[in-house]
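Heads up, there are several structures right after this.
Next come two complexes built around chain A: one with chain B, the other with chain C.
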Partner chain A sequence: MEIDARPKMIGARVQRLEDPRLLAGQGRFIDDLNLPRMLHIAFVRSDHAHARILEIDSADAAAKPGVAAIFTAPDIAGLWNPIRATSRMADYHATELPVLAHDKVRYVGEAVVAVVAENRYLAEDAAEQIMVSYEPLGDAIDAIANAKADAPLLHDDAGTNVLAARTFHRGDVDAALAEASVRVSGNFRMHRKTPTAMENRGYVADYDPGRRALTLHSTTQIPGIVRDALVEMLDIPGNRLRVVAPDVGGGFGGKGALYPEEVLVCIIARQLGRPVKWLSDRLEDLMTTNQAFDEHVAAELACDGEGHILGLRAEVIGDVGAYSVYPWTAAIEPVQVVSFLPGPYRVPNYLGRVRAVATSKTPTGAYRGVGRPISTFVMERLMDMAAAKLSLDPLEMRRRNMVQADEFPYKTASGIVWDRAGFMECLDKVASSYESLRRDQTAARAQGRWVGIGLASYAELTGLGSRIAVAPGMPVNTGTETATVRIDSTGAVSAYFGIASQGQGLETTLAQVVAEELGVRVEDVDVIQGDSAAVAHGTGTYASRSTVLAGGAAINAARAVREHVIKAAAHIFEADEGDVDAADGQVFVKGTDRGMSFRELARAVYSEMGRLPKDIRENIELEATRMYDPYFGTTTPASHLAVVEVDPETYQVTVQNYVVAEDCGRVINPLIVDGQVHGGVAQGIGAALMEEVVHDGAGQIQTASLMDYVVPTAAEIPAMQVHHLETVLPDNPGGFRGMGEGGTIGAPAAIANAITDALAPMGIDINELPITPERLFRLIDGK
Partner chain B sequence: MIKLTVNGTMYERAVEPRMLLADFLRHELGLTGTHVGCEQGVCGACTVILNGDSVRSCLCFAVQVDGGRIETVESLGTVDNLDPLQAAFQEHHALQCGFCTPGMLMTGVDLLRKYPLATDQEIREGLSGNLCRCTGYENVVKAIRSAVEAGYGD
Partner chain C sequence: MKPPAFEYLAPVSLEAAVAALSNEDAKVLAGGQSLVPMMNFRLLAPSLLVDISRIPDLAYITEDGDGLRIGAMTRHHAVEMSDVVRQRFPVLHAAMAHVAHLAIRNRGTIGGSLCHGDPAAEWPGLVLLLNAQLKTTKRTIPAGDFYHGALATDLADDEILIEIQFPGLAPGTGWGFEEMARRSGDFALAAVAATICLSDDRATEVRIVVIGAHATPLRLTAAEGLLTDHVSIGAAADAAMQEISPDSDLHASADYRRHLVGVLTKRALAAAWKRAA
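Then we have the complex of A and B:
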C-alpha cells in the first residue's frame, strides 16, 4: 500500500451518515421522547403587549381532571436564581430573563401561567379556565418613538428604552461628504422576520431525586451555554446537570438562545419529582421564538467623479423587542448592522451610529445572517444608486471599490480585519455570464417585460476566535471549541464535540475530517455532539463557526491520536515509526504486506496483557482532547447575482435565475456546502419578497400562522448555480472558512437591486423589504 | 372503537373523539416518523397517504379514518434498506434537518404514483404544500426527478 493510495475524504461528496435514520422515520426529535410518569405543560400567555398583571384566578383550572400543578411567577420565586445577559459594552442595559411574567407583561405571547397536567390535551383544557386581568400600560411598539426621552419605559430599572448604543468612526465623514462629486442617500427599512424552523421548540426535563441530577433534553443549538446558565440558576453542579440536544429540526439562530420555557421545565421537574415536557405549537413559535431583522437605517454614501467611495454615514435604529436575550444581548443584531455596513469595500471615512431600542414585541436575537442581511441590503443599494447617478455599470462600481488582493489583511472602517480571500474572484465568477444576461434583458425590455439584474457582494467574519466575541462584550467565550477523539478497546472511533447540529450535517463533515486525519473510513467514526457532557467546554452551533472551530479541533485531536496509533503499531511491527501508516481502517508498514486493522491494534494495546511492554503501554493513549482557537476568525466573501421579472399586472416578482460564488476555503463536502447555500438563499428570498412579522397598533401579532407568515415554497425558489472558490488560508489547520449563513446575507440585496433595475425606467428604488406585491403597487402607483 | 390498517397492519383501538390522526399515529401506535409542524394544515410535515391520497394527518381526527388504509413513512424502506425514493433523497442531499422529510417523501410518493411530472415546475407545484426551511427545495426536486427517471411508482 502506498501513501498516495490514501483516499481523500475531505473534499469528497460523501453521502450523509445521519440520512438513513431521518429518511426511515427513525430520527429522535424532542417530541419523540416520552418518559415514564411524564407531565405536560400548557401556558397561559399574555394577550396584552404592555400591561400590569392585576390578578390571576386559577381555582377552576386546578380542579380540572389530570391537573398536577399550576405555577405563576410568585409560585416559583425562590426556586431559581434570576439571570441577565450582561456585557462589558458601554451604554448597555441588561434586562431580566423572565421565566414567568411577574408584575408586568411586555409582549403578546409572554408566558404568565404554566399548567402542568397528565397530557397536553388536559393541560390546555385547564389553561382555558384561567382568568388573568390586566391594566394596560400604553402602547410601546414603535422603536423610533420609544427611543425618545419621554417615551413610556418598558424596563424601569434600565431607565431607558435604548438598551444599547454604539458608534463606529473612521476619518472625517463630514469633510468627505462635503467634497464629494456624488452623494446618494436613503431611508432603508427591513421588516421583522422569524426564523421558522419546521420543528417547533421543545424541552423535556428529567430530574433524578436520588442523584439530585437533572437532564434537560432541549431543541437547542447551544447545549453548553444552557448547561452553564442552568448551573447558576438552579444551583446544581455541572457534573449533575446535562443538556442534550436530540435530532433538532432546524434552528437558524432561533434555537440559539436560552429560553424561559427551558428553565421552567427544569424548575418544575425538580419541584414535582417527575419528568416534564413542553412543546411549542406553531402559534407559540410565531409569538415567542426570538425574532430578527427589524431595522431602520438612514444612510448616505459619497463618491468622487469616478465612483470611488469617499465616505459613508449611517444612523441605525434596531427594534429589539421586549427583553435582552441570553447570552447574546439585545445588541447582537443592531451592532452588526453598523459594524459590517462598509462591506467588502474601501471606505476611508465612516460614521455609523446604532441604537438598540426596546419595544413591546417578541425579543429579537440571532437569525441566519445576523445584521448583515440588512447591512448588505443598505450598502449594495447605495452602491447601485451611486452607480446610476454616475452612469456607471453596477459591476464596474463594485470592481472600483472592492478590497484588492494586495491589500489583505485589510482593516475595515469599523475595525474588522479581512484576511486574504477571493473578494474579486467571487465577483468575477458571478459576472462571467453578466454581459449575456444584460443582452437578454435588453431583448426582454424591448418586448415590454420588466426584467432586472441585481448584484450583491459582501464579506462576513466566520469562525470567530477568542479575539472577538460573537456578541460585543459578552461574558461567554465563543472563541474556542474542543474535540475528543477516542479509539476504544474494540477499535471503534468516537469523536466528541461541543457543537450541536440542527441539520447542517456535522455528523458527516466532522467524521470526514477525523477519518482522513486518523486513517479510518468515514462510516467508522461516530460523532457525538449536541450534549453538554461530551466535552468539558463547548458552546454550540451558531455564527458559522462549527466547521471552522470543531473541524480545527478535530484535526488537532485526530493527529494526536494518530501519533500514538503509529507509535504502538511501530512497536508491534518492529518497524520505524516513519515506515508505518494508517488508512482505510488499517495500520500497516508501507511497501510491505504487514498490517492490522484498528480493531486488532486496539486489542493489542488495551486487552492483550503483555503485548506491549509496560513503559511503552503507559505512554500509548488512544484518546486525545484538543482545542482550536482561530483567534481573529476567518473571512468568507461572496457575490450574488439575481435575475427577476415583475409581472406588470399583479406585481408578483419571480426570481428567474440565481448565481452565487463564495469562498469558504477548503470544502469538506461539496454536497453539504451547496445545500447550505441553497437553503440560505431561499431564506434570503423569503426575507426579500414575502416574510414579515406584522403587529397591529396595539402590539397584537397579525402573522400568527404559517398562512399569514409566508415562507417560500418550492414554487417560489428558482434553481441556483453555486460556485466555490477555495482560497488557501494559512495558519489554520484545515483551511476551512464558515459559510452557513451567507446565502441569507446576499439574497435580499441582490433581489432589491434586481427589482430596482427592472423598474429603472420608472425611477423606483426598492429600499423597503419585503417588497410584497402590495408595496410594489404603492410605489408604482405613487409615480 | 376504530379499526384501520396502517402500513399493512390492522389496528383496533378505542380513541377519544378529539384525538388527531397525527397524535394517534405518533402516540398510540408509536409511529413517530410522522411529524407535526403546525397543526394548521400548512406545513405538510404530517403528510400521510390515506386510501391512496396524501392527507394532512394534523387535520383529521383518528375517528374520521375508521376503516381506512394508511401509509406512513415507516411503510417505505428501513435504515438498512432504504426504498429508491429515500435513497434518491440521500444521494441528492434532499434533506438537512430531516423534520419535513417524512412529509416530503409521502407527498413525493403520491405525486410519483399519480402524475407524469414531465417538468421540474410540475414537481415544484406538487411540493408546494410541503414547507422546508433548510434545503431551498432544489435538491428535493432533483431527488424526485431522479425517481421519475428511474420509473418509481410506475
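Then we have the complex of A and C:
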C-alpha cells in the first residue's frame, strides 16, 4: 500500500452517487412531503398587469367545503416584517417585495389572495369563487417607454422606473471611433426567457408551537440566505428557523431568490398552527418564477485596418419586470451585460451604459449565465460583423484580439481581472476541425444547402470570493463557504455544506474531494447539503460557485481531519506520523502490513476506553470546520463552435454539430462537467432558437403552457464534443474553476453567428434572439 | 391546475355508455390526452366522465377488402406499429411519427383525436385525405362532413365514435406527407398530405389536404385540379397558397403559414409523384 497506489478520485469518471436514488423514483422532493394535518394553498392571481385593487369579495369562497382560511394582504399585515433587496450601488432604487399584493398589482400572475384548504383541489374550487375588482392603471409593459421621464410609475416611492443605472468607462471611445478604419454596429435584442426547471417551485412550512420553531422545506437554491431573511421577517431566532432543500429538480437560477410564496407559507403555518404546502403548477411557474434576459442593446465596435479592436460602445436597456428580486436586486441581470461585454478581448476604449427598467411583468432574476449570454451574443456578433467588413476569417479576428498568455492578469475595460486561463487554448481546440468544417460547408453550399459555422468565445468570473459581490453592492456575503467534515464513532464520514444541489451532481463531486483528501472511498462519504442547519453560514448554489467554494472548504476541512486521523493512528501503531497514511478507507503504516479501517480507528478513538491516553485523546478531533474564500474568484474561459443548417424553404434550423472547449481548471469528474456543458448548451440552444416569454400589449402572458413556451427536447439537441482544458490555478486549494453556467453563455452567440453565416449570401444579420422560423421568414421575405 | 370534482363511470358496454351520456355535461373519456389537460386548466368542467376504455372490442385494426377498419379506441402507437397499416396505408404510418411524443401516442386514441378536432392534429386531415367513413353509435359520417369548425364535430352529445373505415387505395397510389412543427412532436404549424394516381405520367386522381392552416382540415380542390403533369406541381403549390385563409398565432403568422403551405404542398406532391406507379 504505497502512496502511489492511492486511488485518484479527483479526475475520475465516477458515476453520480445520487443517480440510483433519483432515477429509481426514490428521490424525496417537496411534493413527496406530506405532513399530518397539512393544509394546501391555492392563489388568486392578478389577471391585470398594472391595476389598483378595489375590492376583494371572498365570502362565497370562505363558505366552500374544506376551506380553512383565506388571506389577503391586510390579513397578514403585522404578521411579518417586510424586506427589500438593498444595495450600496449608486442610482439604485429598492422596491418592496409584497408577499400578497396590496393596493396595487404590478404583473399578471402576482398573488393577491391565498386560499388555504384541506387539499389543493378544494383550494382551487374556492379560489374560483373569489371576485377581485380592479381599476386599470395604464400600460407599463414597454421598457423603453417606461424609461422616459413622463412614464407612469410602477413604484411611486422609487420615484422612477429606472431601478438601477450604471456606466463603465475606459479611455476615450469617441476618439477611438473617430480614428477607426472599420466601424460596425447593431441594435441587438434578446427576448425574455424563463428557467422551466423540471420540478416547479414548492414550499412546505411546519411550525412547532411548543418550541416556537419553524422548518421551511423549500425548492430553494439558497437555504442560508432564505433562513437569514426569514429570521428578520418573522422574528424567529436562527437556531429555531431551519430551511431545508430536499431533492430539487433543477433550478437554473429560478429557485435562487426569495419568493413571496415562500414567506407566505411560513406566515400562514405559524398563524394556523398547521403545516402548509404550496406547490407551483406549470401555469404558475411560467407566470411567476423569476425570468431572464430581456435586453435591448445598441452597440458599436471600432477596429483598425487589421481588425484590432480600438473601441466599443454600448447602451443597454434591461426590462427587469415589476420588482427588484431579493437579495440580488434588479441590477443583477442587466448590469452584467455591460460589465462583461468586452469579453475575452483587449478593448482599449470602452463606454457601456445600462439602465434596469421596471415594467409590469414578472421580475427577472439570476438565470443561468446572468447577463453574459447577452453580452457574449452582442460582442460575438460584432466580432463577426467586423470580420466580414474586413474580409477576415472570424477565427483570425478572434485570434488577433484575444488576451494572450503573457498578458495575465488582465484587467478588462470594465475593471474585471482575468487571471491566467486557457483563452487561446480553448479557441485553438475548437478550431482544430475548423478547416475541414469550412470545406464541408463549401461543398454543401454548392448543392444549394444553407449551412453555416459560428464561433463564440467568452470568459466569465466564477467562484466569486469576498472581494467581489455577486450583485453590485449587495449586503449578503457571497464570497465564502464553510464545510464540516466529521468521522463519527462508527467511522462513517459525513461532510456538511452550505450549498444546495438541484441535480448538478454536487453530492458526488464533493464526496470525491473529501474522499481524496481523507483517504476513504467515495461511497463512504455522505454529503449533507441543502440545509441551513448544516453549517453556521452558507449561501447556497448559484453563480458557478459551489465546486470552487464548497470544494475549497471541503479540502481545508478534510485535511484538518486527516491530520488527526494520522496522529491517532500513529499513536496506536506506535509509528511516526510521517510513516502513516490513509487510503481507500484504511489507515496504515507505509510499507508494512499494519493497518486498520476507519471504523476500527473511530472505535479506538471514541469508544474503546483507554486505547489512547487522556492527553492524546483530548487533542484528537475527528471533526473540523473550515471556511474557504477565493477572494477575487476564478476565471473560466471557453470557446464554442456551432454548425447549423437552415432549410431554404421552411426556414427550420437544425444544429448539426456542436463543439465546446472550456477551461474549468482541475476537473473533478469529467462525466459531470460534460453533463453540465451539455445541459447548458441545450438551454442556450433554447434561448437561440425557441424560448421566448411573450406578452400581449396589455401585459397578458401568451406563453402560459409548455405547448406555447417552447423548450427544446432531446430531439432538437445535437450530440456535442466537449474538450476540457485544465490550466493550473495557483493559490487555490483544489485548482477548481466554476463552470455550471458556461454552456448557456456561449450557445446563443455561436448559433446566431452560424445562422448569419448560413445566410451570408443574402446579407442577413441575426441580431434578435430567439431566431424563430417566423422571424427568419420575415427577414428572408424582406430581402 | 386541478380539475373541479366530477363523477367517473367505466361502463363495459356501448349501450351503457350511451345511456350514461344522456346525463347533463357528461363527456366521453378515451385516452385523456386532450380532455384531461383541458379539465386541469378548467377550460372544461364535465360533471361525469364516461370512460370507454373498458368496453371490449373498440381497439382493433381489421382488414376489410382492400381497406381497413380501425376501432376508435386504437392507440396512435398501435397504428404506428401495425404491419398492415404500413402495407396498405403507408401515409398513415408516416404521419404517426408527427403525432405528439411516444408517451402520448401510447395513451391517445384515434377516436379521441378525431372527436377532439384540433385543427392542427394529423388524424382529422388523414381521414379526409383517405376518404374515410366515421361510424358512430347512431350512423356513419363521411370524413368530409365530420367537422363544423375548430374543436367542433357533427357528433351529438350522446353519440360515440366507434370505428373508422378506410376504403382501399387504388393500386399504385403515391403519397406524400410533409409537416412543419416548431419541435418534434408539436402540433403542426402546417402540414400537407397528398395522394396521386398516375396514368402515362399524367395525374388522374389527386387528393391534397392541408392541416393547421384552417379551422378544419381542408381539401385543396383548386390545387388538385391544376395538377396534371409533373411540371404543374409548382402551379398546384401556388394555388394551394391562394386557397387557404390561415390565422396568425404565437408561432406563425398567416403569411408564414401560407408560405409553408406552398412549400409543403410542393414537397408532398413531389414525394407522392415519385412514389406513384
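The definition used in the following text is that the second predicted complex is superposed on the first by the 783 of 783 C-alpha atoms of A that agree within 3 Å, B and C clash if a C-alpha of one lies under 4 Å from a C-alpha of the other, contacts with A are read in each partner's own complex, and residues count from 1 in each chain.
Definition applied: a residue touches a chain if its C-beta (ideal position, glycine included) is under 8 Å from a C-beta of that chain, and two chains touch if they have at least 3 such contacts.
Here the structure is a predicted model, which is why all the values come from computation and not from measurement.
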* To do: Quick one: classify A:G250 as touching chain B (first), chain C (second), both or neither.
  => first
* Touching A:V357 in the superposition: chain B (first), chain C (second), both, neither? -> neither
* Would you check which partner chain A:D31 touches, where first means chain B only, second means chain C only, and both and neither mean what they say? => first
* Asked: After lining up the shared chain so the two structures overlap, which partner does A:I717 touch, if you call chain B first and chain C second: first, second, both or neither?
  -> first
* State whether A:M707 touches chain B only (first), chain C only (second), both chains, or neither. => both
* Now for A:A197: first (chain B), second (chain C), both, or neither, which partner does it touch? -> first
* To do: Counting touched residues of chain A, say whether chain B or chain C comes out ahead.
  => B
* Asked: Can A:V513 be said to touch chain B (first), chain C (second), both, or neither?
  -> neither
* Touching A:D19 in the superposition: chain B (first), chain C (second), both, neither? -> first
* Asked: Touch check for A:L461: first (chain B), second (chain C), both, or neither?
  -> neither
* **Contact residues common to both interfaces of chain A (with chain B and with chain C)** => 121, 281-282, 705, 707, 713, 715
* Asked: Can you list the residues on chain B that touch chain A in the complex?
  -> 16, 18, 26-27, 31-40, 42-43, 45, 72-74, 76-80, 82, 86, 89-91, 93, 95-102, 105, 120, 123-125, 127-141
* Which chain A residues qualify as touching chain C in the complex? -> 120-121, 124-125, 128, 281-283, 649-650, 652, 690, 694, 702-703, 705, 707-708, 710, 712-713, 715-716, 772-774, 777-778, 781
* Structure fact -> Seen from chain A, its contact residues with chain B in the complex are 15-16, 18-27, 29, 31-32, 34, 121, 195-200, 247-250, 252, 281-282, 502-505, 671-672, 674-675, 677-683, 705-707, 711, 713-715, 717, 719-720, 743
* To do: Provide the residue numbers of chain C that touch chain A in the complex, in ascending order.
  => 1-5, 41-42, 101, 180, 182-187, 189, 250-253, 255-256, 259-260, 263-264, 267
